[in-house]
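Next up: the structures, one after another.
One chain, chain A, links the two complexes that follow: it is found with chain B in the first and with chain C in the second.
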Partner chain A sequence: MIPFLALFRKEMFSLFVSPFVYGLLAVWFLLNGLFFSFILGFPAVQNDLNLFPQYLFGSGLLVWLLLPSFPPLLTLRLFAEEHRLGTLEPLLSAPITDLAVVLAKYFASCLFFLVFWLGVLGLFLLLTLHGAELDWSRVGGGFMGAVLVSFLFLSAGLWASSWSGNFILAAGGGAAINFLLLFLPVLFENAPGNLGQISRQMNIPNMLDRGFAMGLFDSYALAYFPLLTLLFLWLTWVRLVSRRWVP
Partner chain B sequence: MSRKSKLWALVVSAGICGLVFVILLLQQLAKPQFRTRWDLTQNRQVSLSLRSIAALKELPKDSRIVAFLFPEEERLIRNGSAVYPLAFQRILTLLEDARIQTGLPTLVLDTNSSPVEIETVATALGRSPGECLFIETPSRKVGFRFEDLFVTQDPTPEGAPARIRSERVDTSLGNAARRLALKTAPEVLLLHPEGVPPSEAFLELLRGEGWQPRPTTQLLALQEGSLLVVLNHLQPLSSDLTEGIHSWLDRGFPCLITLGLSAPMQAVEWWNQTMQTRGIAFLDGMLCEPVKTVSGPMEGSPETARLEILAVGLSGQHPSTRNLAAQNRSTLIVGARPLGFSTGSNHFTRTPLLRTGKAAWIESTFHPDFQLSNGERRGVQNVAMAAEAFPKSNRATGGRTIALGTALIFQAEHLPFCKDFLIHSLRWLINGEAKDPGLVAVEALPFRPTRQTMVRMTNISVIGLPGFTALIALLLYWKRRR
Partner chain C sequence: MIRASKLSKKYGAIDALIEVSFEVQAGEILGFLGPNGAGKSTTLKILSGYLPPSSGNASIAGFDLLQDSLAARRCLGYLPEAFQAPPELRVGEYLRFRARLKGVAAKKVVKQVQDCQKLLGLESKGRQIISTLSKGFQQRLGLADALLADPPSLLLDEPFSGLDPLQRQELKNLLLELAHKRNKAILFSSHVLPEVESVADRVHILHQGRTQVDGNIKTLSRQARDYSAVFLGLSYGAEELRNGLLSAKGPGGIQSVEVQGNNLLIQLCPDGSIPDLWKWLATESKQVQRFEILQPSLEELFLKFTAKKEETR
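Coming up: the complex of A and B.
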């Protein structure tokens, strides 16, 4: 546990003092601020703020564009830099399990990504301060869904980061996986048979749009994101330990 | 094989195995028995009620729900109204709930769907404009118009947009599913004594409500059914038929009686006698109203016999017309005879459902000149009236009766213009949803920021927060460089 906490602290520190990460955060806030102002300008939203969480978290550009792209940018350094600097071998031979290494890096990135979301939550508080009445069950649900999706995308980014020391491959690979997770089910949801059925069940925007952003928590969606997250974390672990399995 | 390739092969195989395992696990978790939903909204706004879920589960195999989500009414879009987005959001969520909880297939057609698919499905369902939701079983179907599901408030000339006041999607789905789940659909007897069968359009309208229309020329003395519709008649009725009708009305079964201008004097007298206890009488003459033209009201043309009953002419109190009046919907009635009150029994209440405007008059049918002549007077006239037992008897549906002074509304060319009134009347007669509207109030959260507020919020969200973060990034960068 102690080595895990030490590594977690180290990762958190490296994220919190990285100018690149803050630059990323600034761009995230800027784009979200633009979307926020843009959506708030919709007459339909001004007529009923119940639509706001759905437009922002459910069917907006935040989900289709920002969410798949930003998590891999945050995680790209986590393993790729260790690869590049040649510090991965010493880390894996240190008295800490491979799983702890994966989890420490993942949780550090998750915790930092919450800062990304706190900024967006601040925009809703800003709205309340200006006299808007919000249905917090929908806002909270939308946040919950968005956080779960971003944790999933972070795990995919972490896996991509473990492939090699190439930053472009780490970021591009992670983003590609995330976009596939997002678009493939949408593309095939009308396909006949099992493919269509599986695609409908894996449709992330639908889970956000018709679920979380409506203040509705579904046991399936609550299981879907952690399960896929676990899959990518397991794959990251496999990627690390396989170095020992294959001579 | 190189080490790198082996490593990649291992990771890819593990990935595929893991993905297959996760998909299989998710397939299991998606089954209704493992599914739980927590609705955090007030009054469980985004979930189907247990009653509706149970009703939908009862539907026969191969049933499905089809939604046509198109903004069709201009008044509900004007001034940036949120009516359609919210309504569609509600429908989609409930359909998703229905699919998850009951395994019922749902098909959603919206502006992104293929036009060919929309056309095919709409034709197969016999959809008419305004219908947005269908429950279809292999043999029957029920369709809902947008205004059946949502009660809206119209936009104002001052610029306020339309908004949803209340809705009843859940109740409507549940009621329709219960009707469709019945092994025998409510039977509507269409009595046409002269052997002229009702139009296919009218039959389709009845089928669309999940009812079973049965055209007939006979009515037995103890015959039973859910509703009797009398489609005019041109000759005096036979004794068997009069006995059958008397028996039907005496037993308190619901009845819609339409008697047009072509009905003979004896038939009118017979019906007035039969309906005496209900206090409704068919009067002589033809209802006419000045035609509105650019140069002002015009008389002297047969067009005056086309009556446009505006929303103010609909009874705002009666269950069958209340919703239509609230929706500001008008009805077009052609070639109608007037109705009036007669000395009825105190056991029945009587309500005029449709009334003309003040400028209408009763035109003599002997030598119609379609303008106000000697002896004719202007005034509000009754076109349709309803009666119901009061206090409610223990009979079938309390002797609900609607009398209408025209039979032309059943014809395919006139039906579209009075379909709403007809369907709401029939629903009330058959003791359908009009009795239990199940309306749930929908609260809107309007927020209309001033220009100054918008600028301030935009400045904070687009410049303030990102700028502050960028400043931290620059400081960190500068410190590292040092």
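Coming up: the complex of A and C.
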């Protein structure tokens, strides 16, 4: 446990002192502020403020553009940079398990990504301060769904980061996986037979739009995101231990 | 103790290491030598637990690296070739992180880090950001890292690399102290042969993934008999003795005799015998004041054992 906590703390520290990460935060806050004010201007939202979480978390650009793109930019440094700098060898020859390495890096990135969401939460609080009456079960549900999706995308980004020391491959690969997870089910949801059935079950925007952002907590969705996250963490672990496999 | 038994490593179709075996006992320093691509770093990566061998096994302090890798790694300090540390951290932060990573108890972290910093002359660098350290200090940081948690075995890949002559001397003294006073088993690779010669108790020469020779330098010199040379200090008659040595009545087995003023430098053939030469001189010559067997330098041995392999290919 001590080595895990040591690595977790070091990863958190490295994220907090990285100028690149602050740049990411700035762009994230700026774009979210723009989307936020843009959606507030929708006539439907002005008529019924309860629709706001659905527009923001369910069908807006936040989900379609920012959520798949930003997590891999945060995770790209976790393994790819260690590969590139040559610091992975001292880390993996220390007395720490490969699983602890994967989990420490993953949890550090998850905790740090909450800072991204805190900024968005601040926008809702600002709205409340200006007298808006929000349905906090919908807002909370929207946040919960968005956080679960971002944790899933962080795990995919972590896996891509473990492939090599190439930053473009790490960030591009992670984003590509995330966009496929978002778009493929939407593209095939009307396909006949099992393909359509499976696609509808994997439709992430639907789970956000018609579930979390409406304050509805579907046990299927609650299980879907963590299970998929575990799959990517397992793949990352496999990538890491594969160096120990005897050829 | 560090033990490697018939270690082999394949990278695809390439044999990087072929059945390499050796042991390093507690209190012993083994110098690991070989030309580039000989398999030195691969061996150290395997022994550090970073890479698995394709076959064979290895253990650190009695713990098998494959069966009980964590326990083995707890007994090991490892300095990789071209050591790098996270550039954004400060020296003290990095060492505290590494100490915790190696399982040092929270109460002992600060003391251990301070001790290692003192040992490696890094006391004044604790607050310095790693990316601003010179190469020499980065290397010292890597050594400090390897010494954290006081492991009984040390693997050092090119530890003299990047150090100035003064730092090399300090490192030599440190290695000797760690092995002979603190009873650590040390395996280090190096291209700096004079350093190896002055520090290592034994050398292990690798070439093209195979062990060429393993032993202490004196033993290796005996194995390299065709390299044996004798220096004779004479009071007079160097030319006369030279002629006698090379004549039919001479001891035989002499390749060449070089006159150096009143002295002779005798190079023996592979079948030449130093005892035979000694006997002949004792009976035939009265003018010998000094008889010195010249040992080949480690550099000569290294070239001999690696060149022999090239010839047999």
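Simple rule for what comes next: the second predicted complex is superposed on the first by the 245 of 247 C-alpha atoms of A that agree within 3 Å, B and C clash if a C-alpha of one lies under 4 Å from a C-alpha of the other, contacts with A are read in each partner's own complex, and residues count from 1 in each chain.
As a working rule, a contact is a pair of C-beta atoms (placed from the backbone, for glycine too) under 8 Å apart; a residue touches a chain by one contact, two chains touch by 3 or more.
Model, not experiment: these values are computed from the prediction.
Considering which of chain B and chain C touches more of chain A, the answer is B. In the superposition on chain A, A:9 makes contact with chain C only, not with chain B.
Once chain A of one complex is fitted onto chain A of the other, the partner contacts of A:169 are absent, as it touches neither chain B nor chain C.
Touch criterion met: A:50 reaches chain B, while chain C stays clear of it. In the superposition on chain A, contact of A:18 is made with both chain B and chain C. By the touch criterion defined above, A:243 lies against chain B and chain C together after alignment on the C-alpha atoms of chain A.
Looking at chain A, you'll find residues 17-18, 243, 245-247 touch chain B in one structure and chain C in the other. Interface residues of chain C facing chain A in the complex, by the touch rule stated above, are 10-12, 45, 48-55, 70-71, 73-74, 76, 78, 80, 82-89, 93, 97-98, 100-103, 106, 142, 145. Chain B contributes residues 3, 6-7, 10-11, 14-15, 18-19, 22-23, 25-27, 29-30, 34-42, 46-47, 79-82, 85-86, 89, 92-93, 96, 100, 161, 163, 444-449, 453-454, 456-458, 460-463, 465-467, 469-470, 472-474, 476-477, 480 to its touches with chain A in the complex. On the chain A side of its complex with chain C, the touching residues are 2-3, 5-7, 9-10, 13-14, 17-18, 85-87, 89-97, 243-247. By the touch rule above, chain A contacts chain B in their complex via residues 17-20, 22-23, 25-27, 29-30, 32-34, 36-37, 40-51, 54, 119, 122-123, 126-127, 130-135, 137-138, 140-141, 198, 201-202, 206, 209-211, 214-220, 223-224, 227-228, 231, 234-235, 238-239, 242-243, 245-247.
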